[in-house]
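In order of appearance the chains are A, B, C and D, and numbering begins at 1 in each one.
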Amino acid sequence: MSGAVTGLTKHQIARRAARDIPDGSYVNLGIGMPELIALFIPDDREIVLHIENGLLGMGPSPEPGEGDPELINAGKKQVTTRPGAAYFHQADSFAMIRGGHLDLSVLGALEVAANGDLANWSTGREGAIPAVGGAMDLVSGVKAVYVLTRHCTRQGTPKLVERCSYPLTGPGVVDRIYTDLAVIDVTANGFEVVDLPPGVGFDDVAARTAAPLRDARPA
Amino acid sequence: MSGAVTGLTKHQIARRAARDIPDGSYVNLGIGMPELIALFIPDDREIVLHIENGLLGMGPSPEPGEGDPELINAGKKQVTTRPGAAYFHQADSFAMIRGGHLDLSVLGALEVAANGDLANWSTGREGAIPAVGGAMDLVSGVKAVYVLTRHCTRQGTPKLVERCSYPLTGPGVVDRIYTDLAVIDVTANGFEVVDLPPGVGFDDVAARTAAPLRDARPA
Amino acid sequence: MIDKRVGSPREAVAGIGDGDTVMIGGFGEAGSPIELIHALIDHGAGGLTVVSNNSGSGEVGLAALIRAGQVEKIVCSFPRSANSMVFPDLYHAGRIELELVPQGTLAERIRAGGAGIPAFYTPTAAGTDLEAGKERREFDGRMCLLERGLVADWALIKARVADWQGNLVYNKTARNFSPVMAMAGRTTVVQASSVIEPGGLDPEAVITPGIFVDHVVHVPKPHHESELVARGARYP
Amino acid sequence: MIDKRVGSPREAVAGIGDGDTVMIGGFGEAGSPIELIHALIDHGAGGLTVVSNNSGSGEVGLAALIRAGQVEKIVCSFPRSANSMVFPDLYHAGRIELELVPQGTLAERIRAGGAGIPAFYTPTAAGTDLEAGKERREFDGRMCLLERGLVADWALIKARVADWQGNLVYNKTARNFSPVMAMAGRTTVVQASSVIEPGGLDPEAVITPGIFVDHVVHVPKPHHESELVARGARYP
């Protein structure tokens, strides 16, 4: 493995991903790092945020004392609405997801495999409480799936792998991965680096990825 | 066949049927004679009328010039709403029907068989335009199905038969039949007369019914 | 910015191609997007499969589209009308195909298509002639039929109010098939009597969220089919 | 006259029997009918199967019902909570059964049950561990699973406004599972912050038509679960 390398912070990862979301997209942001994307949507774009518990047009967090405990996002945090918002029930919400009406689902990951397999709902550990929420619906229904994740675990184990060791959320579902070290497309040929932050080299990323990596950055 | 007999008019048939609908029922009235039931609901009962094109709480016809061509019943006639009404889309409307939430569906008939088979959507005649509407959904979904019909066709042919000759709307679906000559339950033992209008005898009905008939009137 | 408004019915339907499947809202005249249908007649795409509860009345709207010979097949629950021979004449001449579907099954198939459900079972029509060719299977002692979800290249619908993002509310029983067709159309076009800025509709009362809508056309005073038929109008 | 009002949560849930299946609305605390749940704890029916998206938080509401030992099995998409060990403790002790269902499949199964659809196919969870025991079938090149409709003896839900006939509107994202549970419950009980005469709700904006509702209870100022949990409340 190559030497120490300083990649992006989680806010910087979210900002990098936000840059790639086209104006007018309908997007579901998963709990955790993906939620941060909402902070970095460029001013000149209108992105409609979907929360699977029943709202299109999610706005920012309420001012202290202004929130409603019955207006919450999938992470059960209080939110607000934007002009053009609409509420709906769960079956309608997942009709949007399953029916392919959302443009983009952004999720966290335990592991992503070179064939696009995603594992993010269960460590499969004995005694853990299994809990899946809407993750399997999202990855099987939404037009495109992006993953936001640290490139490696805290222990330094690569999260981008040849084959997932954790139980799958969905097979062959991931289109693109944003990490602290790279932007990586999942293609028919496996992982392809399409962008690197300043100070990170292709070899740095390859050394921290447990699957073959192609350099597909524009010349 | 016994001699001439004067039975009920279609309005009287509707009035007789209306008498049997319990307070608080949710009811769908089919096109034609069943629609007349709405005119005869006793004042001391509240019956919620469902129309399958998307309304619960149908009220009477509008005053001339007061109607809205976009507030119509299944027969495409203009109607009004009552307090407590609600509009909904077709899939929700038929969720009520298919899901068994309506208490009663009242329909017309070409034929009813002693096993409860109903034929009311197609004469099966060569060249006729087949058209089914919501009839098959109603008979298979609603808790109880009543038929309102003349006992015989204009040609004098009995409509209550051993076995339907026309294509079925649904097998074994009819619970009760109101005709100009009798009120007849469809039971595991076939047709049973439970009520007769004044001036009509059991033999008059039996003579005009092409299936065995039991007299089950209260002593 | 999200602004789905287009200038005219003509522009809104310009992308419809020969052989496309087109869902058309309405139960009888209530909810029928008559100006969009007339624009489709002007546009001229042919060989269409139309999914609609009825087959139109008189010689305007859907009946006129059929008379124009643009419809190869109709998927429909009730293709009869007291005041139109357009569909019967073509049907008897063998020039239009009919797939007859019970009304509730039709609505549910459209919803399923829009909701990403490829198929479902229903007891409706089991034991009747309309089960021909369908897979049968018993659940909880009741015979059911396997029905497939329906999607379409286009959905043409009518609303009372739309905002620029495509959030919709309807008028009374004109709502009928439109919300589910909006879900099932790959491209959904709505004609609305009133078009307003986002924020003008109560989020609690939106019936069709804008995500299901692609093009919004303002048609301030839509024709009523029954009035056109009553005065013997023909389109074009 | 149709008047579905009952005097108290206690009366509303009095008919729930041992071994019944009970759907309970809510996503987290939003929409959780906490007063009805507490009445069910007082009532004491046991051996229940509960269908609910989560497993409760703290030691009030659904978590308290579980802690009281009244729940034999839970059908749920996300039975984890940052602030409750009630479910995990019983689960690890083998004293409660869990049927884990993806959230959208759960919602659709409930809707299907309420809509008289005995079963449907969905691509969700195909190719994952959650397909175990389910029938697989390919449609249009995609592998799908057969999922069954869910019905329940009871549905307990929360609304913002109810009229006497049971027409309902909800509050923001508290709507979540309640409209489909109202459809799927053989007996549906709603607690509403406001109860009004029929005619007081706009027929265009009613979310749950009264046909799906059996009992309406007025609970003017329902507790917020998060506030109870924050101050360490336990029920009873």
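Here is the rule we use: a residue touches a chain if its C-beta (ideal position, glycine included) is under 8 Å from a C-beta of that chain, and two chains touch if they have at least 3 such contacts.
All values derive from a computational prediction rather than experimental measurement.
Asks: Touching subunit C and subunit D alike: which chains?
Replies: Correct list: A, B.
Asks: Weigh B-D against B-C on C-beta contact pairs and write down the one with more.
Replies: Result: the pair with more contacts is B-C.
Asks: Measuring centre to centre, with centres taken as mean CA positions, what chain is farthest from subunit B?
Replies: A
Asks: If you average the Cα atoms of subunit B and of subunit D to get two centres, how far apart are those centres in Å?
Replies: Comparing mean C-alpha positions, subunit D is 36 Å from subunit B.
Asks: Would you kindly tell me how far, in whole Å, the mean C-alpha position of subunit D lies from that of subunit A?
Replies: 29
Asks: Averaging only over C-alpha atoms, locate the centres of subunit A and subunit B and give their separation in whole Å.
Replies: It comes to 56 Å between the two C-alpha centres.
Asks: Quick check on subunit D: which residues sit in contact with 2+ other chains?
Replies: 108, 111, 115-117, 122-123, 170, 172, 204, 207
Asks: Which positions in subunit A touch two or more other chains at once?
Replies: Those would be 55, 87-88, 91, 94-95, 97-98, 141.
Asks: Is the way these chains touch best called a line, a ring, a star, complete, or other?
Replies: If you draw each chain as a dot and join those that touch, the picture is no line, ring, star or complete graph.
Asks: Quick one: which chain pairs are touching?
Replies: Pairwise, the chains that meet the contact rule are A-C, A-D, B-C, B-D, C-D.
Asks: What residues on subunit B touch subunit D, complex-wise?
Replies: 23-24, 26, 46, 48, 50, 55-57, 81, 83-88, 91, 94-102, 141
Asks: Provide the residue numbers of subunit A that touch subunit D in the complex, in ascending order.
Replies: Its residues touching subunit D are 51-55, 68-72, 76, 87-91, 93-95, 97-98, 122, 127, 129-137, 140-141, 167-171.
Asks: Please give the residue numbers of subunit D that touch subunit B in the complex, ascending.
Replies: Those in contact with subunit B are residues 1-2, 111, 113-117, 163-165, 167, 183, 197-199, 201, 203-204, 206, 209-212.
Asks: Residue numbers of subunit C touching subunit B in their complex, please.
Replies: Spelled out, the residues of subunit C in touch with subunit B are 27-31, 53, 77-80, 87-88, 91-92, 98, 100-108, 110-111, 122-130, 170-180, 207, 224-227.
Asks: Please name which positions on subunit C make contact with subunit D in the complex.
Replies: Counting only subunit C, the residues touching subunit D are 108, 112, 115-123, 139-140, 142, 144, 148, 169-170, 172, 202, 204-205, 207.
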